[in-house]
Each structure stands twice: as structure tokens, then as C-alpha cells.
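Below are structures written as C-alpha cells.
What follows is a pair of complexes built around chain A, which joins chain B in one and chain C in the other.
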Partner chain A sequence: MAATTAPPLAYRDAPEAPVRTNKKSAWGSPTTYFIALVLVAITLAPVAYIVLGGFRTNSQITESPSGLPAPWVVSNYTEVLKSSVFWQQLGNSTLVALVTTVGVVVLGVMASYVLARYRFRGRGAMYSLFAAGLMFPITVAITPLYILIKNIGLINNLAGVILPQIAFALPTTIIILVPFLRAIPEEIEEAAWLDGCGRLGFFFRMVLRLSLPGVLTTGILAFVASWNSYILPLFILNDQGKYTLPLGVQAFSSQYSQDTAKVLAFTSLSMIPALVFFSLFERRIVGGLQGAVKG
Partner chain B sequence: MSESSVGNLQAPTADHSSTGDGARRAPSPPRRRGIGWRQRLEITVLSGPAIVVFVGFVILPVVLAAYYGFYKWKGFGAPTDFVGFHNYVIILTDPEFHSALLHNGFILVLSLIIQGPVGILLALLLNRKIRGRSLIRVLIFVPWVVSEVIAGTGWSPMLQTDGAVNDLLQKIGLGHLQAEWLSNPDIALWSLMAILTWKYIGFAVILFMAGLQNIPEELYEAASLDGASYWQTQRRITLPLLGPTIRIWAFLSIIGSLQLFDLVYIIWGQYVAGTAGVSTMATYMVQYGRNAGSFGYGSAVAVVLFLISLIVALVYQRFVLRRDTEGALTGRST
Partner chain C sequence: MATVTYDHATRVYPGTERPAVDQLNLHIEDGEFLVLVGPSGCGKSTSLRMLAGLEDVNQGRIFIGDRDVTDVQPKDRDIAMVFQNYALYPHMTVADNMGFALKIAGTPKAEIRQRVEEAAKILDLTEYLDRKPKALSGGQRQRVAMGRAIVRQPQVFLMDEPLSNLDAKLRVQTRTQIASLQRRLGVTTVYVTHDQTEALTMGDRIAVLKDGLLQQVGTPREMYDTPQNVFVAGFIGSPAMNIGTFPVSGGNIEVGPARLALPRDVAGKLTSEDDNKVTLGFRPESLDVTSESNAAAFPVEVNIVEELGSDAFVYGTLRGSLAQKDDAVITSGAGDNQVIVRVDPRNVPMKGERVFVTIRPGEEHVFSAATGQRLS
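This part shows the complex of A and B:
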């Protein structure tokens, strides 16, 4: 079977994926490939619909909803790219996602370090406190959270989105990071100690470097979650200039509800950043979750 | 901000440790039992910011919801119109809430029985060495990465009565299968399930693949020496050893199902969601809470949603997750 010995991809997979292919398995490779192909088709169909729809005209879409662009039109895309609203919202999304990511990673690493390497009364309680956060996605808290944000004057302010996002991303971050930090061998810490390196010195010189895979994973997860976040900006932000892209897409699609093609163009442009980001770091995410599942 | 303040503290504390009680600590440095003030300071400085932010924006709102839930309140000024359990009585006797709860339950069960097996099969498939595997792996995660808004904006026109799906069915000669995918109450919930599966299966696959990596290779070798077939191996070795991963995934899936909001609100909107039979507790909460300007009532719904999630989570942890989490922290704690 050619498939089981495919060298071009094997080298990329080797480090993190000990492949356990049963070479004499009951599954012939054609079946496997067929399933994989169907899978990819189903997965990509809606995305393709959005992207291709952006290259069509509205009359093309009405006449043949499932057809291909004929002829291809780029005006929808160029119009969106020329609109300042799109760039403004892209900027907002980027800013919110970056600040959220940095905040989550900094706070998360520090707290996880304490949980992983200090012994003190209340450690179990502290871990449970953060772990309990997993049970409560933002939906449950959104109504009072809105009041809270209003009371501290952060309505229609990007900071009003960023702070709660950091808070709600902390549980996942800490749960993923604690095993990573705990896995750092004590010998390294002792060696650092003997070299006159205090706990905090050890933290800054060694821990950050050694837990980089976990840190990257949580950072990526926080970034993607922030990029896609919907209910929080929906409650907090109320003018188009402040909108992040998900709200922008929705506002755009109700504003141009008759112009499906343009809406689809706007939508497909807004998903590019998250897709690029994810395809660059896919391996990291899988690797990081692997650590989390082990823990 | 917090980063730099910690950075400033680093130098003096590190100095102190080498001059002060460094010698006394040397024998077994990192795992001392007694806690000095210095260590307490480190713990406070390192974990303080996270705790403050977490308590302020996660715990406090939940507590506030419990308080606001006892008031009839429009969200301006301090709540004064105390109504006791009135809001809760209304919620628990409202047929609309009952059907929302029912939909959540339906979604919860179906997510588990559809996405679990499909996710495991896909993870097994993608764990095999096939050409283009890396590409397929990236592609299958695409739906998980795009936002709910994008998923909704894409699926919505496709599933309209005059949309792409019906058009495609017509073209390939399956015109009799055309349906009102989004508005027919008998079908809409299944359409939602299809979209949810499409959206979240990638996450299940990521987790299951990660779990598969943890199964020792020797077990498979032993099984194959004993002449076990592929499916026997999967059933006797993979499934039991994947247990912890499956249980964690199921937990996340259950919580996600109970709190489902985005996709329903985006595709159906608050009014149609009710008539199409896909409303959830969260859409009910937003519709009759914030969107109706009734923050007391909305908070009470949030509390109900919170309690239901909490009970489910505790029961699940008590009876299902216990053996997995037992060793995670307690093994090392004092």
C-alpha cells in the first residue's frame, strides 16, 4: 500500500504523532481516502459557498443558488476592501485579540506557576476556583456582567471586552499550563537554586522558556476565541466604529440584506486572519491539548 | 502593567533569598513545608492579578445575578423593587422556558451520541498514515476556527427555502428531499444539530487525537501479535484507554450544549428561534432579559441556567470524572 509508506508527509508528522497504522488492517486505503474526501467536502462546502458567493453577482445567486461564479466578479471584494468600516473593525478585532492574548498569557503563566510549584494552604481551593470557571462560559454571566461594565464606565469601550475575555480565558489557560509547569524536572530547579537563582529568577530564566509550547497553545486558543467572540461584544459595543469583526459581519449583513454577494465577500474576508493564524499553529494546538489531556 | 511590576520585584527578592535564609534552605530547596513571608509575597504577587481579574469578572457577576434576580429591575440605578421569588416562579411556569429547556436537553443528548462516535472514528482515521493527512487535519478544524457569526452567515442562506441546499438537491435529482430547513419546527432542530456537528466536531477530533497519542504503542504491538483484528484492537484497547479523554470531551460538550447561544441567535434570531423550535435557555435569557430591558428577570434566568449547569457538572464530576481528576492535583497537594 503506497498510502502507508507515504514519505513526503511522514517526516512532518513524526515528532508528535507516533503513527500506529496497522499495515494489515481491514480497511483498504481506498475506503479511507473516500471517507477522508467526503469529510473534507462536507467540512469545506459552507466555507466554499461563502468565498465563491463573494465572486458572484446577486442575480447569479438568485438564479442558481448552488452554482459556481460565471463569470467571476471581483467587485464585491474590492468594494469591501475599499470601505473604511472593514479596516476599522479589522483593527478593533486585532487590538482586542492581541491585548486579550497577552493578558491571559501573562496572568495565566504567573498563576499556574504558583499552582504548579508552590506548596501552600489553599492551593487546592485556588485550583478548584479556576477550574470551576470551566463550567461557566460567558453566557451565564453576561447579563450582570453588562451591568458591571456599565457601572465602571466601559460600555462601548474595547477595554470592556478585553478585561472579561481575559478573565473567562483564565480557567482553560491555567488547566493547560499547570501540567506543563509541573513537568519541569525538579533537578533543573535545584540546579538553578544552587546557582543562586531564586524562585522568581528561576521563573523568569527557565520556566518561561521550558513551558513555551504550553504558553503558545494557550495564547493561540485565547487569540482565536477572542477573534470569534460574539455575545460579549454584542452586549458591550454599540457603535459600528467600535465593532469587532463578528459584530461587523452581522451588522453588514442586516444593512445589506438585499446584497447577498457583498455580504458573503465581507464574511469571507473577515475569516482570513483566524484561518491563517490557525493553519500556522495547528500543530501547537494539538500538542498543547495533548499535554492538557494527559494532565 | 502587572508584568512590569512583577519584573521590578524580581531583583530584590532574588537577592534576598541568596543572602538571607539561603543556607538554611539549601538542602531541599523547592519543597519546603513552612511558608516564609517571602514565599507568601511571591504567591500573592504571582497569583494576585489573575485572582482579582477572575473574581471580578467571572465570580462577581454570577453573585450579582443571584442578587438582581430577586428584583424587578430595568437596569438603571440601584434595584429597589424587591419581588422575592416571583421571577423564578414565572420562569419555571413559562411554557416557552420549558420548551427552551427541552431543546437544550435534546441538543445535549444528540451532541453526545452523534459527535462522540463520529469524532472517535475521525480521530482514528486521521491517526492513520495517509497521504495528505496533515492537510486534512488542518481542513477539518476549519469550522471550529471560523466564528459562529461566519458559520451562521454561511449556513443561513444555504439552508433558506430558495437556498443552495435545496437547489443542489433539485439538480442532482433528489428534489423530493427539499425542505424548509430553518423554519419547519420538525426539521429546524435537526438542521441545528447538523450545523453544530459541523462546527464542533473538529474540537472533538483534536482532543481524541491527543488522547490517542497517549496510548502506549506496545499495546498495539501486543494485540497484533495476538492476532487481534483492527476493530477488536480499537474496541479492547483504544476505547478503554481513550476513556479519560472521552469523559473530558463529554463534559465540555454537555456544558456547551446547556449554554448554547451564538449560532441559534445568529441564524434564527430571538423571535424565529421560538417558532422554529430551536430556542435555548440562553436565547430565552437574552430575549426576555436584556432585549426586553428586564435585567432582574434576565438575571434570574441566568441563575436558573447557572444552577442547572452546576448541578449537571457536579453530578457528572461526582459520578463520571472523579477517577480522572483524582490524581490531577490531590496527588501532590499538601
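This part shows the complex of A and C:
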């Protein structure tokens, strides 16, 4: 065929069209990586130091404070793991964190649902009241809180830690959840009404499911905050058997102040659960903060 | 199956003076497809939501069948509603969405499944039953919303602009599907739209509302042929009717050089408030293009010609004695001093050309100049 053999003159003579070459590789710019790595290093260095320090002996630490374990010693960790105090305190911490989380989530969702979807007088004021709780650090309130808890008779009792923790975690929870619940379209609620749901039915069948990402976020935040909380347990709990892990670390490090390696091992073991928890649910937390129901 | 009756139903939103729906009286027959239509803010959605129980009724009553449902909870009214944005439950599959009402009502699982599958078959959704709404296209979501209503086998379907989120082509397609589905199921349906084409094509009867007041109820043909007032005349029909106010003298309406005979009975209805004038409406297709020599013809200068294939419409400016600078005599969908004329699509005038048109006798609509009510 003539058409196929004819040289494509027109194409050859035409000025070459600018070809957009993708110079950026899939890896992105090295500067980004550099900055990111520096930041990651800064964040991780103390954690790495503590974890690695637990694998060394005290003499190793004294000789070269920033060296790597040589040889690796696991006895620090095994000793901590064998001690009943550690397990007792881990149990206390877990119990406090779990009950706090459940309390915060249950009360927070209920309060947020009312604030977000019921119309009543003083709703704005109530929301502001909860939000004001954010500006009220527990440290400031600790003395009256202590007296109050003493009057209730919850001193040296885990419930004395749990109750105030729930109260202090509510502002964050409500501030995160209210916009979340408000974003559930009105029509879905109306459709549910027509389908035979009451207010409560809607709450249990729709709201809980649709706000799950937000609920998870607030739950995780409450859990981690409770796990790491120090000042409240310090005031409320007197007995070593009742201590939560942060107190335990404190007590342990004053008890074994000479044995740095063991303190490091204890510390790293006590922060590992929160760390694992946080990294497992990190994506959920971000998803929850982005909020809103789509579709 | 049931009738629906609005008896002086009124809704006043808290904090407003004027009722959103004012003394609505409307009776919808069993199995009828009634379309509520009107410009935005006319109270059509409010009327529907009053029937659904989503809006309080401040005065009057609403009946479904013989049952007074004015104070009945939405869920106990035995109705199903299709929302504008579909309001599908995002966390449930299509099947769960459609069967949700039955599940709440405690219907056995096997029966739910069977009814959902039947509905899915009708709506061509069978292969999507296990998907979440997120994974569906707009048209499919719309059908799921329809399916959710069908599965319940309610007494009345309520539809609140269910097509407005679809693209133009799908809207036309779905329009006929909904209408034929309704005929097949025979369920009384109240349908809200702002689109008069949708109203004309779908409804057994149409109710036009404006500012919360019912203007007219009737079949599409009645609405088109005998609009009861100027508002309905201008609202129903596309392109819109040309409407103008003209003097009456000696039993004739003087439309520029043209004389249209005003029937004696109509002339008798004129009051002093009309000041010897009538409002005259004529549809684009009631105009004939003639020559300049015709004494009754008035000139129109062509601005644009819209060719639709089967039809062509001239949008033109009035010229000659009818054209006035300040006080527009004629208004149409195109604006003041503009008329729309349907012309032969095989023989369209050029832009800027001057054509002479006459109103075909007997196809004019005469309204009172003072009240806007129909006289003829």
C-alpha cells in the first residue's frame, strides 16, 4: 500500500513537541528524605538509647555512655520480667487505662450525640463548658481534687485515678466527636425515622457505626493519656502494689538508682505497650481526626 | 394502597410570620401519581415533609386513607420516602439498606431476603446487593433509594426531587422508569420537583404551588391548556408562555395592530379594577409567521434561533408599535419585551431578520389584568 510506504514527511518536518519527561523519580526529593530522617532520628534516639541501654551492663554504660551493647545482656530484661512488682503494676496500668477508655468513650459519645444533634436551650453554653475543660490542666486542680477524692474515700484506690481521668479526657473527646456526629447527614436520620428507628435506635444502629473512626481515635487518645499519666496517680496512690507503671518506673529508679541498666530495662518495658498500641492504631487516629461521613 | 388528603394543612416555621404552607387542600386518589411543583421556596418540600411526619402541622389535618395521621409518628404512617441525596446508610450493603425497615419491623430474615431480591430484580440491582453505597454510581444509588421504598410495600411513596442529583441524560431515562414503575406497582405517589418538564411527563395530576399557596391542580393537559392564573401559565410549559397586558376596546383586545375578539362572556367578567385591560398569554406554538401585509401581524426582530431538530424557537425583540422603552408590554421566559415564537425547523429566519407573527385565534389565554385569574 502506497500510504504505508510514503515517508511521514509532515511528522519529520514538524518541530518536535516538548516531551514532558518525568524527572522526578518515584522516590521523591532527597532533601525531603534527609529532613525526615533527621526528625525521625531526633524522635527515636532517646527511645533507642533506653531500649539498647537495657541490653548493656552498668560497666558498659559507665565506660561508653553512648555505645552499643557488647556483648548483649538480656538479664536486665529477664529480671524485670520475673519480678512480680512489674506485672502487678502493668496490670494496674492496663486496668486503669481500659476502664478510663471505656468510660470516656461511652460518656463522650453520649454527651456528644446530645450536643451535636439535639436542639435545646443552652446547648452552646454547654459545649463551651466542656471545651473550657481543655484549658484546665489537672496539675492546677490537683489539690482540691485530692481533697475531694479523700472525702469520697477513694485515696489509694484505682477508682480514684479512673474517675478524674475520665472527667479530664472528656473535653478532648467531645471536641473531636461533636463535629463528627454533626456531619452525619440529616436525611440519614430522617430516613431512619421513616424506616422505624427511634432516637435511640438511630443512635445504636447508625451513629455508633458511622462515628466509629472518631470513637476509636478518642478511645486511643484516652488510653495512651491514661497509660502515661503520672501526676494524678502520684497523689492518689500510696501503696506500691497499687502503683501504675509511670509511678513504678519512678519508684524503681529511686530504689535501684545505681543500677542504671536495670532502670533502663524497666522503663523500656513499661513504655512498650503504649508504643505498640499507638503505632498499631496510628492510621486510625489520623482517619478519625479527618472526620465526617462520606456517601 | 390509600388516598392522601390535606385538609387545610398549614405549616408556619418558628420565627417566621408567613406560613411556608398555607391552608393546603388537596386530595390524592388511590394509586395516583401527583407531582408537587413550583419555584424554590414555594412550600412543596414542606408539604411533602408534613405528609411524611418530618414537619409539624400547625393547623389543619392530613389523612392517609381514612386515618388521621396528623399527629402520628413518621414510622407509623406506612409511607416510604426517597430523598434528594438518597440518604443511604453508608455503613450498610445495598441489601441491608433495602431491608432495613423490614429488619426493624421484625420481619423474618428469609422474607426480607426474598423481598429485597424481588425489588433488586425490578430495579436491576441484583449484582450490586453486597456492595456498599460508596461503590455505586449516582444512578445506582438512586435506584437503591427507590428499592428501599419499594421493599417496604408502603401505602404511599414520597419522593423529594429524587432526580436532581443525576446528569441530564440519566434524569430523562430514570424519569420514565420511575413513572412506569409507579404505574406497575399502583402505589399512591407524591413527587416533588421544581422542574415543570418532570411534572408534565410524570404526573397523573400536577399541583402548582407558589409562596405556600396552591395555585392549581389538574392533569398535565389541563395545566397546559387552561392555566387558572398568570403564574401557572408562565410556569408550565417550556419554552415559557408569552404574557402581556393589552387594552380592550369595542369587544376586541388590541395587540398592536392586531384585533383579537374578546368573547362576550369573558368581557362580562371584566371589572373596573381591570381598567379595560386584560393580560393575554400565548404560547410560542400559537404564533404563526406571516407576511408584512397581514394587518394583524406584529413585527419581531430575531435575536437568536434555538434549533432543537423537531422544533425551532425564535427568541426575538418586539418592534413597531408594541415595543415600549420603559414599560414592558410582553414578557416571556426570555425577558421583557421579548417573545418566543415556534417556527418551522426547516425554514428558520436569520439572526437580525424581522419576522411578522400573528396569534392563532382561539389559542390565546385571557387573564384579568388586576387579579391574574383566568377569564376565558
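Here is the rule we go by: the second predicted complex is superposed on the first by the 261 of 295 C-alpha atoms of A that agree within 3 Å, B and C clash if a C-alpha of one lies under 4 Å from a C-alpha of the other, contacts with A are read in each partner's own complex, and residues count from 1 in each chain.
The criterion applied here is as follows: contacts are C-beta pairs under 8 Å (C-beta built on N, C-alpha and C of every residue); 3 or more make two chains touch, one makes a residue touch a chain.
Just so we're clear, the structure is a prediction, and the values are computed from it rather than from any experiment.
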Which of chain B and chain C A:Trp72 touches, first, second, both or neither: neither
Partner chain in contact with A:Arg209 - chain B first, chain C second, else both or neither: second
Contacts of A:Ile35 with chain B and chain C, given as first, second, both or neither: first
If touched residues of chain A are counted for chain B and for chain C, the larger one: B
Which superposed partner A:Ile188 touches (first chain B, second chain C, both, neither): second
Partner chain in contact with A:Cys197 - chain B first, chain C second, else both or neither: both
Chain B/chain C common contact set on chain A: 190, 193-194, 196-198, 201, 293-295
Interfacial residue positions of chain C with respect to chain A in the complex: 52-54, 73-75, 79-81, 83-91, 100-101, 104-105, 132-134, 148, 152
For the chain B and chain A complex, residues of the former touching the latter: 2-3, 6-7, 9-10, 13-18, 22, 25-26, 29-33, 35, 39-40, 42-43, 45-47, 49-51, 53-54, 56-62, 64-65, 68, 75, 122, 125, 127-134, 136-143, 145-151, 153-155, 157-158, 162-168, 171, 198, 202, 206-207, 209-211, 213-215, 217, 220, 224, 229-231, 233, 244-245, 248, 252, 255-256, 259, 261-262, 266, 282, 285-286, 289-290, 295, 298-299, 301-302, 305-306, 309-310, 313, 328-330, 332-334
Chain C contact footprint on chain A (complex, rising order): 185, 187-188, 190-198, 201, 206, 209-210, 293-295
